[in-house]
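Okay, so subunit A shows up in both of these, paired with subunit B first and subunit C after.
Coming up: the complex of A and B.
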């Protein structure tokens, strides 16, 4: 009989909490649209509110409302090969400029930007920001996260200094845009303190997924990343605290995320946000559970920041230095060996993983490249099966329910076959010594 | 070849051969000099540093042949340049390179350089240079200079020779000589539409990206000499257009040929294997390292993988105007995401300025010529109306 899903109850608080947060941002006169890691922590202190464009697109996709905006944009020059976060956003922007209110739900309406800030972490962010700057005739600031091809500590420190200098410039830029005279350092300190607290809870939440059977799914975890990314305040910290406490209670009472956990899966890559519920139910149908991954939480693991500011990368006395050090992990497309160690080795070895799913998002090519090598390496190193699932983070055109189900079913059958083989070998070895 | 006595056709054939068989020239150079060959990927690798170290920089271009071996490792939705480069590496076609040097021109190239050796034992060491894309930001400019200095040291170690300022200044002079000759060639092309076919021009530039600069300069001088009598012939009466695009690879020959076979004549271009390769001169009045740095941050053509405030549509609109062209054809390589954004912005500007524009998307293993010809005919007919 298929397992039932026992979702972490605290996660139901996300939507109302985000609605409340976005409403609280309305009192700011100056709105920054942000994409990628954009120095969010500096914004409120400079009198600027932050609209996180990828989160907005993920929310629209999660609400099954992405396709009309994608199509609207594509009919007007947006390429189908662009990152689907950007495709949704640009489609929505064009629809608003054309005053197509008939196709825009009230929840998704945009407050036009006064400025745009982007972190250069992929081929999209910087150019997406440039496009928006040109459309709205507003200033743009780009934060560059250097490619750390050399992980020597001195090189990392130099790179962090480079990011720090940019963050200082961003602070000035924000003040200029908002017209606020002085930066409110206390706001930044409070946000960084909240970030540190959130980091602590998130680490604990992640650690508890090691428990067999797991008290939560990694999907609960990934689904809950928005408050950490967008809000970065005490309310968000309290949310993760509550999440962690629910997990502790579950561990104590032996409550599991699914009723009959038989397969523990690692997920690599971002999620198809429009199919998160489908995936959760599909896996449960076959008694499988995602227990680890490297999206949303990977910035907290093996971060170069931890090497520069032990133990956790936070420096509350010098918050901008802490932000700069965290920025070293902002270029998620790091070198191949680092990627293997931080995203696979630690996950597979610590979470009793039976199989790995690598999502290769069609419109996120840096995530996709080397998927096949990593897949083979999982098989060769750990002898566990791995598949590359071609899908997408927010474009439903690149997801096929039936194919995904078949592939996941085949993956789990491979796990069964390998388990049987292992048991047979173990039995044969026992026979040899059975006098 | 006997450069001094060759005919125009023989010379163009030589350029085509040099453009398509870079390994031959590189191996001949190695045999003659005993120097090392550095294969480079990326638009902004400071080539004179390699030249000044006594090594031969060869720009790695895509190959016309179908991608086969790479398909096992690189997804079909990666751009043709990446797929072709991996394929060449796996087939052992880059063996003539002693080392590879990749510039972080896009995030895919960044990933590729590091990953390629894991599935391709034929690849030797891959060096990186990270040049921040923020051309107008002082912090990024300083970082770029630091990286260039680091690269200079690494190249000295590879070559086993110090790179003196004198040698660098001399290399810059060689590069500028080549660039100025190519600029002169493009001036002739603008003034005498159709004097050379676009494919021939593409071969001339591609050859210069692969072969020793000094040899290329000799061929260029002869070409300009041989074009002198051609100027007396009637110029093309086809519709003059500018071609932009193919930003990391050669614009497919069929695209260039089809444009010129359906009623157009290409009078200028903003192609990687075209004016983008040579239109930024090195400033010889300043220190050589400063000149290399300046050429990076003050580049003439806007690049979608770099960040500048200017609208790329304005740059291209000026090019159309200066070349007396009637329109522009934008060649976007499928799955070049940065270029997609660049195109979107430029396209909107062309609409504002009422510049006729046509988008051509190209894929490495596909050449839908019939469709393209029909579209081009329609485009040129609409311009005549």
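Coming up: the complex of A and C.
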């Protein structure tokens, strides 16, 4: 009989919280559209509100409203192979400029940018930012995150210094755009204090997923990433505190996420945000649970750059240094070996993983590159089955329910076959020693 | 004791009945059409008539194929993917086999298996008809032949032509333009078509790291042109069961029998 899903109740607060947050941004005179790690923590202190464009696209996809915007954009020349976060956003922008209010839900209406800021974790971010700059005739600031070919601490420190210099420049740029005379250091401190607090709660939430059976699903965790990415304030910190407390209670009472946990799965890559409920139910149907992953929580993985931050958290007296280290530790600019260690080794070895799913999103090259090779490495290193699932993070055209179900079920059947083989070998060895 | 496996595919539906010693009692095949439950009913009826039993006499059933969920309530006790079923089915006929290539109507798979037909790895095609039976149907249509005849005639090729497109629809245009080129032997184009299928599926074979002996299952296994092209590329004799289209249903029946035995603590 299929397991029932016991979703973390706190996560039901996300939608209204985000609706309120997006509505509150209308009060700012100066709006920055941001993509990638773009120094959001500096924005409010400079009198700028931050509209996180990828989160917005994920929200639209989660509301099953992505396709009309994607198609609208494609009809106007947006490439179908472009990052689908960008496709949704650009489609929505074009629809608004064409005054197609008939197709735009009030909740998704945009506050046009006064500037655009992007962290160049991939070429799509830069192109997306520049296109927006051209459409709205606003300045664009690109933060350059150097690729970490080396995990030597001195090299990483130099990289973080380079990012820090850019963040200082960004601060001045933001003040120029907003017209605010002075930067409000206290606002930044409060946001960074909230970030440090969120970090503490999220780490604990992640650690508790090691429990067998798990008190929550990694889907609960990843679904809840938006307040950490977009809001970074006291309200977001309180949300994660509540989430953590609910988890602690579940661990105390032995309450599990699904009623019969038989397979613990690691998910690597971003998520198909429009299929979160479907995935959750599909896995539970086969008594499987996602217990770990790296998307959204990658700042808490064993990224070598995190060695630049003291164990008790970054120094609040030097918040920009903390921002620079976090940006570097995000995983996007990590070399292959560091990715392997931080995204796979620590999770597979600590979360009792039975199988791994690597999502290869059709429109996201950073998350697709080397996926096949990583899959093989999981098999060779740990002897557990791994599949590469071709889907997408926000474009439904690249997701097929039946195909995904067949592949996931076949993965679980492979786990069963390996367990049977292990049992057969163990029985044969026992027979050998029976006199 | 009677156990049943039903494979509801995009093109055909097969049923296999087995006894407790895994002896095949009956097999059937019908076109699936759009009414899956009717196809299942029909396929079961044919088998039951052969054995002289009713569906009520069947102790345990497993469904597989893309229609496996829909028929679960009425016709099966449990469902498994085609991967698990083809693995078991291939192992039944060829216990020495360590790989299965299944090319069905709308998808292809490469499955690595162990000595008891357990899955050790697999790879499937994604969201594309190239490398599937559908691709061959389209190409056979252009040639004005049925798929089997196109396979036989492809063996007469002397210099296969490269069909490079990865999309079935674009490949159709490519083949039409090749046919209109003066001096191009249609047999060479037919061989090129089969090699195109094999090139696509060979990527799955490499991903799943299949090692010989390798079995081919599914309807396309009856196509001599595809089989030869695989043997050329993989440099090994491909094993073909007598009825490759029923391998999925056979594997499902074996799983049904095993599951029943396991649940009832029988040896």
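Here is the rule we go by: the second predicted complex is superposed on the first by the 427 of 435 C-alpha atoms of A that agree within 3 Å, B and C clash if a C-alpha of one lies under 4 Å from a C-alpha of the other, contacts with A are read in each partner's own complex, and residues count from 1 in each chain.
As a working rule, contacts are C-beta pairs under 8 Å (C-beta built on N, C-alpha and C of every residue); 3 or more make two chains touch, one makes a residue touch a chain.
Just so it is clear, the model here is predicted, and its values are computed rather than measured.
In the superposed model, A:64 makes contact with neither subunit B nor subunit C. Partner contacting the larger number of subunit A residues, of subunit B and subunit C: B. In the overlay built on the shared chain, the residue A:78 is in contact with subunit B alone; subunit C does not reach it. Contacts of A:146 after superposition: subunit B is touched, whereas subunit C is not reached. Touch criterion met: A:372 reaches subunit B and subunit C at once. Of the two partner chains, neither subunit B nor subunit C is touched by A:111. In the superposed model, A:260 makes contact with neither subunit B nor subunit C.
Contacts of A:336 after superposition on the shared chain: subunit B is touched, whereas subunit C is not. Residue contacts after overlaying the shared chain place A:381 against neither subunit B nor subunit C.
Contacts of subunit A with subunit B, set against its contacts with subunit C after fitting on chain A, overlap at residues 372, 390.
Of all residues in subunit A, only 372, 379, 385, 387, 390, 398, 400, 402-403, 406-407, 409-410, 413-414, 417-418, 420-421, 424 touch subunit C in the complex they form. Across the complex, subunit A meets subunit B through its residues 77-79, 81-83, 86, 90, 120, 122-124, 126-128, 130-131, 133-134, 140, 142, 144, 146-147, 149, 158, 162, 165-166, 169, 333, 335-337, 360, 362, 365-366, 368-373, 390.
The part of subunit B that touches subunit A in the complex is made up of residues 72-75, 77-78, 82, 104, 106-108, 110-112, 114-115, 118-119, 128, 130, 132-134, 137, 139-140, 143, 146, 304-305, 307, 309, 311, 332, 334-335, 337-338, 340-345, 347-348. Interface residues of subunit C, counted against subunit A in their complex, comprise 66, 80-84, 87, 107, 114, 116, 118-122, 124, 126-127, 207.
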